[in-house]
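Have a look at these structures, which come just after this line.
Two complexes follow with subunit A in common, the first pairing it with subunit B and the second with subunit C.
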Partner chain A sequence: METLIQTTLQNQFIAAWQQAPIDVMPALNAERTKGFEFFMEKGFPTLKDEEWKYTNIQSALKKNWVLNAHNNIEIDFNDIKQYIINQEEHHLLLLIDGKFYPEYSSKIPGAHICSLQEAYQVHHELFMQYFSKQLSTAFNAFTALNTALANEGLFIYVPKNTIINKPIEILNLNGFEEEDVFTHSRNLIIIESSAELSLLQHSHSFQENATFTNVVSECFVGAQGKLNYHTLQLENADSCTVNTVQIVQEKDSLCNTSSITLGGKMVRNDLNFRLVDKNCESHLYGLYLPAGKEHFDHHTFVDHASPNCYSNEFYKGIMMEQGTAVFNGKIIVREGAQKTNAFQSNKNILLSSEAKIDTKPQLEIFADDVKCSHGATVGQLDEEALFYLQSRGIGKDKAYALLVSAFAQDVLQQIALTTYKTYLENLIEHKLKSMFKD
Partner chain B sequence: MAEDNKLLESLTQSEYKYGFVTDIEHESLAPGLTEETVRFISATKNEPEWLLEWRLNAYRHWLTLTTPTWQNVKFPVINYQDIIFYSAPKQKVKLNSLDEVDPELLKTFEKLGISLDEQKMLSGVAVDAVFDSVSVATTFREKLHEVGVIFCSMSEAVREHPDLVKKYLGSVVPFTDNYFAALNSAVFSDGSFCFIPKGVRCPMELSTYFRINASNTGQFERTLIVAEDSAYVSYLEGCTAPMRDENQLHAAVVELIVLDDAEIKYSTVQNWYPGDKDGKGGIYNFVTKRGNCLGKNSKISWTQVETGSAITWKYPSVVLKGDNSIGEFYSVAVTNNYQQADTGTKMIHVGKNTRSRIVSKGISAGFSQNTYRGQVKVLKRASGARNFSQCDSLLMGDTCGAHTFPYIEVDNPSAQVEHEATTSKIGEDQLFYCNQRGINTEKAVALIVNGYCKDVLNHLPMEFAVEAQKLLAISLEGSVG
Partner chain C sequence: MLSIKNLQARVEEKEILKGISLEIGAGEVHAIMGPNGSGKSTLASVLAGRGGYEVTSGSVSFNGKDLLDFSPEERAQEGVFLAFQYPVEIPGVSTTNFMRTAINEVRNYRGQDEIEPGDFLKMMKEKMQLVEIDQKLLSRSLNEGFSGGEKKRNEIFQMAMLEPKLGILDETDSGLDIDALRIVANGVNKLKTKDNAFIVITHYQRLLDYIVPDFVHVLYKGKIVKSGTKDLALELEEKGYDWIIKEVQAAAV
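Up next is the complex of A and B:
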């Protein structure tokens, strides 16, 4: 039965591939064929695959997924207003099931923003220079499929010396279709030298129905460029996401990322950094709070390919109810990447006997003049701190919630956008409240 | 002070000092592995039917397996049909005293520094010397016999204590465990068996010297140590092997079983031929070592100093089944020139309030690759489990690599697991400090490395600690430019 459903999904991929209008983005055909052939040969990963050891993707695929045809959708702006964090302080870009809707999006001075297909036409040379050129890792089933089948997505281009004045809020709303759709979308973000951009991307489920989103984003940060990239995932308990983000940093560039996962049945994040030239700085922050039967998987990969770079990674997890999480952080320091400083820390607390965490911090080092460290801990809330609070008249559940949000604060305080931070704090409080009823 | 002088002396000898071949008649089987080989080995050793059956099952299982590929070491495909699976020094009569032992053999032992004589007795070490695949002489048998400790070769144990062997053999490492465990179970030639009965504290440290001698002979040792309730034993394993150009495979299995309140301390100094400066030759050391803390309040402690072998690939592990049991792993792994190491440990927490501690120090120099791979797994039932892991890597030179792959899997909310790892090189300020005080760079490095490894070396028995210090210095010779 399972195999039957999966075959149906696979048949849809094959049909989509065969029907794909070759004139949409013809120059990509060779790359797309490569991707499709890779997928047909390897198929979806299983638990035997080292990178998918702790995330059972097969069970997430076990549903009657319908491949998203990206039909145009009529939107009533009033329906989606409630999802926007702040329209005054942020520019807004709207993506519905991975497809860009410019009519509901802000015009942003200095930046070139359009859909993937438009970018292919308008910024053809730039597009071809960057599209699918610098993935850190060879294809996996999802990136390969995405390369082969994604026609929709967002293109952001910030030219040389341009600083975008306000953070850009990218609102991803999924699940507008009647069926449970399987969506591919692809984003390409190019920041030229000495340009600056702040992105705040958050994903929500619009309706009750389930979605499977396979999204790949490629970001290029030019010399002395700066990118802040914050993501928040908050979808319903039936929806699955495989989100691959590839960031390539040129000389003297700076990149800050934060990745907050608060909702979804199965969420897999692959965040890959390549530091291709000297003096790059990268910060990676993450927070995940699986509850119910949620499963969140964070894979990060920092590739120190050149000397004098600095990377710092800090991920925290709070596992509640039957929530499970995976953290896999990999740092490679390549030969010749001397004077590298790379740090990584992953801290977890388990709050229920059915919660589970698998963490695997990895270091692979091929240069000698480096300072690298990683640490991982798994534990629970401090009994003494709990007692302290309770002895001062704070109820047990409230004390729990207090300590948990304090644990989460370590990551939240790294986020410089105050409105967004407050928004997150409220969300987390809300999620904790449902766990610890006073 | 005397130790320091010896250290300096050893530092000046750059060649592998244990490289020689003893010329003794061998009774070797033609190279190759078939069901017949397994039957031959079993028949030669007059083994009972059940053991032959067990070997054959293992062999048939092995045929269904393929060599693993996940490891972080590279080696050419091994052709198992080129390996001689059995080689024993020719010896027909059972010996009672050393006088009867082939003098040629004794000389070899002396060169190795293993003298089966008064000196060893004074230092309180019983030696069960394994020369190639058969134990030829065992000392201190009587003293051990008095307290009821059984310490003999595996073949002898099969003959004289078949019930014990049958009960425990393969209970920790079943032949289905992995590729090399299956191979070993099929063709193991000999090994050591040690049984400490209830309430006995073994009066001396037990020690086995392994030595690979015959060219092209894979060594398939099998060690089984059982400590009954409240028993204690400290077991030492040390290795040297002669210089050879062809790679030699060593796939041993070590099984430890501890019952209630018992403890086994297992220490290894491994100094097999690492290959020459260009990475030619050397031993492949693919060993499966695992202990099972079956009883409550039991303890297993692995201490290892790995300086030799072209490739070291092993994970001495502890399954913490009994409540309140403790597993420890202390390791120093040094790789130089073209050596490769992928080593670490597994701590599987099954019982309540189980504790484990991992301290791993890796040192890589030259063109070598040094990997720590470890797993800490806390199962659902293991409430109150506690683990602390620390793995540090030291890099010398810009052509070597240091890698860490810790797997932490926690399924119980009351567990506390901590892991930390660092990678760095020897501080220039430390070197400068030594140089300034008239200590040359080479000596300074030896000094700093010994300090870096102190946490592990402290856990070795005294004699071993001294040897290990020397080994560290010798292994790193010439790595400082």
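Up next is the complex of A and C:
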């Protein structure tokens, strides 16, 4: 049965590959072939694969997934309004099942924004210069497949010295099709030197059906450029996501990321940083709250390939019910990357005996003049603190919720977008409330 | 108001309270003294409902209700307040936010509406003056990095905010300098009415100069072995506990 279903999915990939109109983005054919062959040879990872040891991708694939054909969808804007965080304070870009819908998106002064295919035509040189250049197609089966098959996605280009005046809210709504679809989508974000961009990307399930989203985003931040990239994943309890983000930073650039995972059956995030020139600064914040049978996996990789860079990573997890999570944070300080400052911390609390976290900080240092630290903790909620709150008349459920929100605070307070921060606080409070109700 | 009858309690396998009986009426202040480890904090904990204590016999009635039947939050909502000997630090929660939540939970229990933001601020200000506590302290994380004295002052501030019927002060005086001691004691005195009562646990007569008790009890090995007026505290200050312990031992033979 298991093999049958997977064969079905694999057959769909093969069929899609064979039918792929070679004239869609022909200059990519060589790279795409490489990706497809990698996938056919290696297949999806199993638990024997070190990088996938605690995330059972095979079981997530075990469903009658239908490969998304990306038909055009009729949209009633009234149906999607409720998902928008703030249309006055943010520019809005709408993606439906990974496909960009410009007619429902803002025109953003200073930025060039279009679909992947349009970018291939209109910004061909730029596109070819960056597409799949820093993220190895052969990173894993998902990136390989994505390179081979993704035809839809978002392209953002911010030219030199351009500062985008408002944060861009990227709304990803998934699950518009009748079937449970498996979707590939690909984003390319190019910020040239001294340009600045703030992104706030949030993903939701539009309906109750399940989706499997395999998304790859490549971001390039030029010299003295600045990127803020906030992501929120809040999909239904049947949906799966494998989200790979590759960020490349040039000299004197700054990048702040936050990854908040609040909903989904299986969510895997790979966030990779490459600091290719001097004086880069990178901040990585993360927060995950799996409950029910949710499983959230954060893999991060910070590659200090140049001297005098600073990276700071801080992830926190709150595991409830039978929720499970993985944190795997890897830092490499390459030979010659002297005066590197790299810090990493991962803190977790387990709120039930069935909840689970596998945390693994990894630090590999090949330079001698560096300052690095890493650490991980796993604990329970402080019973003394709980009693203290109760002894002031606060009900046990509320006291629990208060302590858990307090635990999340030091990640949330790093988010400078106040409207978004408040939005997150409400979502978290809501999730906790539903959790602690008798 | 509070009627404790033959209360026995243990932690894990260890008997700590071995039959305590105590009657406290409205408007009264009772001091509880006694050597280290005699069970004073345990008594306070059992009254407040801390987990881990097993009441093996006896009863506690609070305004006619069986206190032991209530959860810790219900006890607080009924009007019991414990000022902790060792207040807990809670990062990420400010005292202000915490107090607003607590007051609203108590009001909700009593069938009242949430407190108006304006009224809350007014109340905060008033009570802050009472214990001379700084606003800055209250907007910080609860007790986090507070000095020993600041923590104790914060306990009394919270008590002032919640206006309990029964306040239990567990060694609120330890760690306070002379001025802070006077401020805290004055705060308690101002909160005193004919309708509420206080249990003051202390090792030192000093505090009782300010908060004058109606009764003084000596707890020893889980029992109240002697009760008296405030003069008993003076006698203890002078002579220590030895003579009482000897009395107890003599009686046991």
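The definition used in the following text is that the second predicted complex is superposed on the first by the 434 of 438 C-alpha atoms of A that agree within 3 Å, B and C clash if a C-alpha of one lies under 4 Å from a C-alpha of the other, contacts with A are read in each partner's own complex, and residues count from 1 in each chain.
Keep in mind that, in the parts below, a residue touches a chain if its C-beta (ideal position, glycine included) is under 8 Å from a C-beta of that chain, and two chains touch if they have at least 3 such contacts.
The model shown is predicted, which means the values in this text are computed figures rather than measured ones.
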{"item": "Partner chain in contact with A:Thr8 - subunit B first, subunit C second, else both or neither", "value": "neither"}
{"item": "Partner chain(s) touched by A:Leu403 [first = subunit B, second = subunit C, both, neither]", "value": "second"}
{"item": "Partner touching more residues of subunit A, whether subunit B or subunit C", "value": "B"}
{"item": "Contacts of A:Gln87 with subunit B and subunit C, given as first, second, both or neither", "value": "neither"}
{"item": "Which of subunit B and subunit C A:Gly375 touches, first, second, both or neither", "value": "first"}
{"item": "Which of subunit B and subunit C A:Thr33 touches, first, second, both or neither", "value": "neither"}
{"item": "First, second, both or neither for A:Ala367, with subunit B first and subunit C second", "value": "first"}
{"item": "Which of subunit B and subunit C A:Gln121 touches, first, second, both or neither", "value": "neither"}
{"item": "Doubly contacted residues of subunit A, that is, touched by subunit B and again by subunit C", "value": "none"}
{"item": "Parts of subunit C lying in touch with subunit A, wherever the complex brings them together", "value": "48-51, 71-73, 75-77, 81-82, 84, 87-88, 90-93, 98-99, 101-103, 105-106, 109, 141, 158, 162"}
{"item": "Contacting residues of subunit A [partner subunit B, same complex]", "value": "50, 54, 319, 335-336, 338, 348, 350-353, 355-380"}
{"item": "Residues on subunit B engaged by subunit A in the complex (per definition of touch)", "value": "70, 378, 380, 393, 395-425"}
{"item": "Interfacial residue positions of subunit A with respect to subunit C in the complex", "value": "382-385, 387-396, 398-399, 402-403, 405-410"}
